[in-house]
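Two complexes, one shared chain (chain A), two partners (chain B, chain C).
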Partner chain A sequence: MTQYASITLQNTDDARPIIEAILADNTDVQVLNMPGAVKLDRDHRIVVNRASVEERIGRSWDPQELHLVLISMAGNVDEDDDYFALEWKK
Partner chain B sequence: MTIDIKTMNVEPRRHTFGHVARRLGSDKPASRYEEATLDVQPTDNFHYKPLWEPEYWTYDTRKTALKMEDWYKLRDPRQYYYATYNIARANMNQSVERNFAFVDKRDMLDQMDAEWRAVVADYLLPMRHVAWGANMNMTSICDRGYGTAITAPSIFAAGDHLGMAQILSRIGLMLDDSTGDSLEAAKTAWMGAPHWQGIRKAVEDSLVVTDWMEMYTAQTLAFDGILHRLVFDRFDAAGQKHGAAGLSMLTEFMIEWRAEHEKWVDSVLKVAAAESPENAAMLSGWAKTWIDRVAEAARPLAARVLGDVQGKGGASDAAITEIKADIAARCAKIGLAV
Partner chain C sequence: MSAKKLGLKQRYALMTRGLDWETSYQPMDKVFPYDTFEGIKIKDWSAWEDPFRLTMDNYWKFQAEKERKLYAVLDSFAQNNGQTGLSDARYVNAIKLFLTGVSPLEYQAHRGFAHAGRHLRGVGPRIAAQMQSLDELRHAQTQIHTISHYNKFFDGFHEFRHMHDRVWYLSVPKSFFDDARSAGPFEYMVAIGFAFEYVLTNLLFVPFMSGAAYNGDLATVTFGFSAQSDESRHMTLGIEVIKFLLEQHPDNLPIVQKWVDKWFWRGHRVLGLVAMMMDYMLPKRVMSWKEAWEIYFTQAGGALFQDLERYGLRVPKYADIATEEAEHISHQNWAIFYQYTHAAGFHTWMPKPDEMDWLSEKYPNTFDKYYRPRFEMWAEMEKKGERFYNNGLPQLCTTCQIPMGYTEPGDPTTICFRTSEYKGDTYHFCSDGCKDIFDDEPEKFSQSWLPVHQIFQGNCGGATVPDVLDWYKLNVGADNMDYAGSPDEKIWKAWEAAKKSQGPARTEDARTEDAGAKTAAE
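After this line comes the complex of A and B, so read on.
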């Protein structure tokens, strides 16, 4: 059985560029739009890259800022200065 | 008994304004910056031509020789609209207030040598008048410019210059124990001291430039680029030997502001120059003229503050040459030849 790495973000102005960045950087993401929230699922691994978010918001962005719009997540967290990844480690 | 909580999702009929959706290519949620910027300025159906310039309409692309197919290409990478701009500046101003309180409490300006205090009053305080000129120019660009993408950040930049003039005034009041004498003396120096007259002439000449894109190039590349580097980097560094560390804290806003301001300036000029070879040539010409002019005008001031004789290859000549090289490197990166 495949395991989904998943992240759920608020559907707000602050989160939208992050969602766009995730969709641009990860292939075959399943998007589930819920009232006020967006759930993004992908097989095994899903990643948010600092550079892609910065490109969209035009200022420097710390991956820790993700927590301000984060609702829920599934997967083992791998956090770095340049990315925030969720992955099911084997 | 189990309770089944159902959620109902109401899909909004539209996610953004029609004019924004047409630009984005589809109806998807737009950022506030996009909604507050794209196609906000009226383009048609003006009722009266302005009496003072009847050859133009109120908003008219012919007020600059530069040609853009789409003026909304000149976007602000910082994505400032009213709220984000004010939040960003309010945060910066908080640290200004903290720094002023810190310096005041420890009487840090008194650590400065008496001679350097006089030098500071002579080079820093008249910069208020340079900032006022910059405020006028950026306001004028907002007035004559075309498209909200460029006019909105221009009026923000005008506000920035006004704020910086206020910071300088407060430094003056700290130096003269709130009598205001130092500010009076700075005005007199601005109006009469020989080492300021070149800069004053350049500022005053820039006020009456009618092509707003030339004015933009002159103000942002030449005046902000050269004078800010000279005064807030070079002179400030020279002051460290004289105990001016407290002063550096008070002018930190200008350093922070410049880093951010230049991101916007470089992006606007880069896009404008990339539009056509004619644009690039025109911008390069303006940039070269004004950079040379302001650099020459700044030489007497640099020589006086850095304490050597102008034109003898001393510290002040080196400073001006290095600053010009800095700006030339920036220009090369954004596609201007100076």
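After this line comes the complex of A and C, so read on.
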């Protein structure tokens, strides 16, 4: 069975650049749009890169700011200064 | 900003591990007396992994920001009479069930994690549990605050805390948390941190809150998602607890597996209330309970348990039965509440024809065959002035405390019925899952406070239904019975009429005027 690493974010102005960054940096992401929320699923690993978000919002961004718009997730968390990733180890 | 900034991992280590110490005035075993009796063996607390490296200073910063956003929304919702923009006032009944059934659990979780945070010996889980304890208190407060707005206009909210401790169906969520909080700290962490937060809470907070957004309840979706932003941290704590316990000692596996089995089943039973809220109580629906179960249990739970296989942990016992029940449980629960609407603190109704069609489409295997005929018959009886009420008191399952209305696996036309003997008494159960839980801890569960037993023993205000409702502080004729003909419906219709005439709302109902006067006074 496919093991989806998954992240669900609010559908807000603060979250949209993060969603865009995820879609740009990860291949084959499945998107489920719900009222008020967006669920992004990818086989085994999905990553949010700091640089990619900063490029879109034009200011420095701390990956922990994700806490403000995060609704849910699946996978083991791997967090550092430059990225936030969720993954199921193969 | 200082010239040299520490990296996340370094900062985290200094701000958590670096602040811990070994006690010297008292031996550690006396300071942490509860972390051995459950049989869990920990060789090395420092092996605990902290995937979310959130330090206390950042915690306050982010939580304050979340609160500012939430309260801005609550203010504008109240200021702009957001309650008049709902899809339909029937929706509010789901929020009544939420406030009476779920919000008090947030407070229970606050106390539970405060206890676990005090009694776990390792500093990593202790700090994570303390943060979660603060989160849960925030959730209870923000939910009560948000929903208090509806209390100005609608019935059923006024005595939520009192009702939580007394009303028959609220004993289902209450006893779930009482069970967890009266267990040891490790079982509590597996029960609430893992089984509830990781495996099941998405089903409550993601599709249901999305449903709140879809039904025009800006305030609820905002507290829901604000709470859920903490939930991701909680889920991570839950999965780390499991991995840590399983990595520490092979003897922990059977204990952890037993807890996972127990708490998955207990959680599944409690969430049957949410199933009903999603399928029957949201006038505009986002997804069916069955679809939510497929996404959040079959798919997400599948990935999780595949990952945990490496430790020898298997999918919870009776997960297959729970998945089969996803086709039935919302219908069976709504049927129970419809029959007992006179004793419930929210309104019920039979689905309208287009809503029945939606249920047929979402439940092609079960709705038309088993539930539509019954609901159509009840709707017909209502039309003839013979609305069906069940005037007996139901037999309850000793473990989950739900009336025994569920059916046999594989046979949706026979009620499922199990019993156990303990010290000369017979105890009744709705399922093999609930019977197994009792059989493993009969001394605990034989002491359950079962609402129907308590009524018959004379402990609930008196021998008649009106006596008991009075003891619940249920406002008869306003809080209970069908939505049709209720004061809630009346005020809603007045608002709708005012919208159409584009004039101010005119109604005989004093609550509209009170609310207007109160707003003016402020």
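In this section, the second predicted complex is superposed on the first by the 89 of 90 C-alpha atoms of A that agree within 3 Å, B and C clash if a C-alpha of one lies under 4 Å from a C-alpha of the other, contacts with A are read in each partner's own complex, and residues count from 1 in each chain.
Throughout what follows, a contact is a pair of C-beta atoms (placed from the backbone, for glycine too) under 8 Å apart; a residue touches a chain by one contact, two chains touch by 3 or more.
Every value quoted in this text rests on a predicted model; they were computed, and no experiment measured them.
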- Task: Check chain A with both chain B and chain C modelled on it and let me know: fit or clash.
- Result: clash
- Note on the structure: Of chain B and chain C, the partner touching more residues of chain A is C
- Query: Can A:Asp13 be said to touch chain B (first), chain C (second), both, or neither?
  - Reply: first
- Message: Between chain B and chain C, whom does A:Pro35 touch in the aligned arrangement: first, second, both, or neither?
- Response: both
- Message: Taking the superposition on A as described, I'd like to know which of chain B and chain C A:Gly58 touches: first, second, both or neither.
- Response: first
- Item | Overlapping segment of chain C (options 326-334, 434-442, 452-460 or 506-514) - the one that collides with chain B in the superposed model | 326-334
- Message: Using the superposition on chain A as set up above, list the residues of chain A that contact both chain B and chain C.
- Response: 34-35
- Query: Tell me, which parts of chain A touch chain B in their complex?
  - Reply: 13, 16-17, 33-35, 57-59
- Can you name the residues of chain C that touch chain A in the complex? 7-9, 51-54, 58, 62, 65-66, 69, 202, 205-207, 209-211, 213-214, 221, 225, 228-229, 231-233, 235-236, 239, 286-287, 295, 299-300, 302-304, 306-307
- Item | Touching residues on chain A, where the partner in the complex is chain C | 1-6, 8, 10, 32, 34-37, 39, 64-65, 67-81, 88-89
- Message: Touching residues of chain B toward chain A in the complex: what are they?
- Response: 7-10, 29, 31-32, 76-79
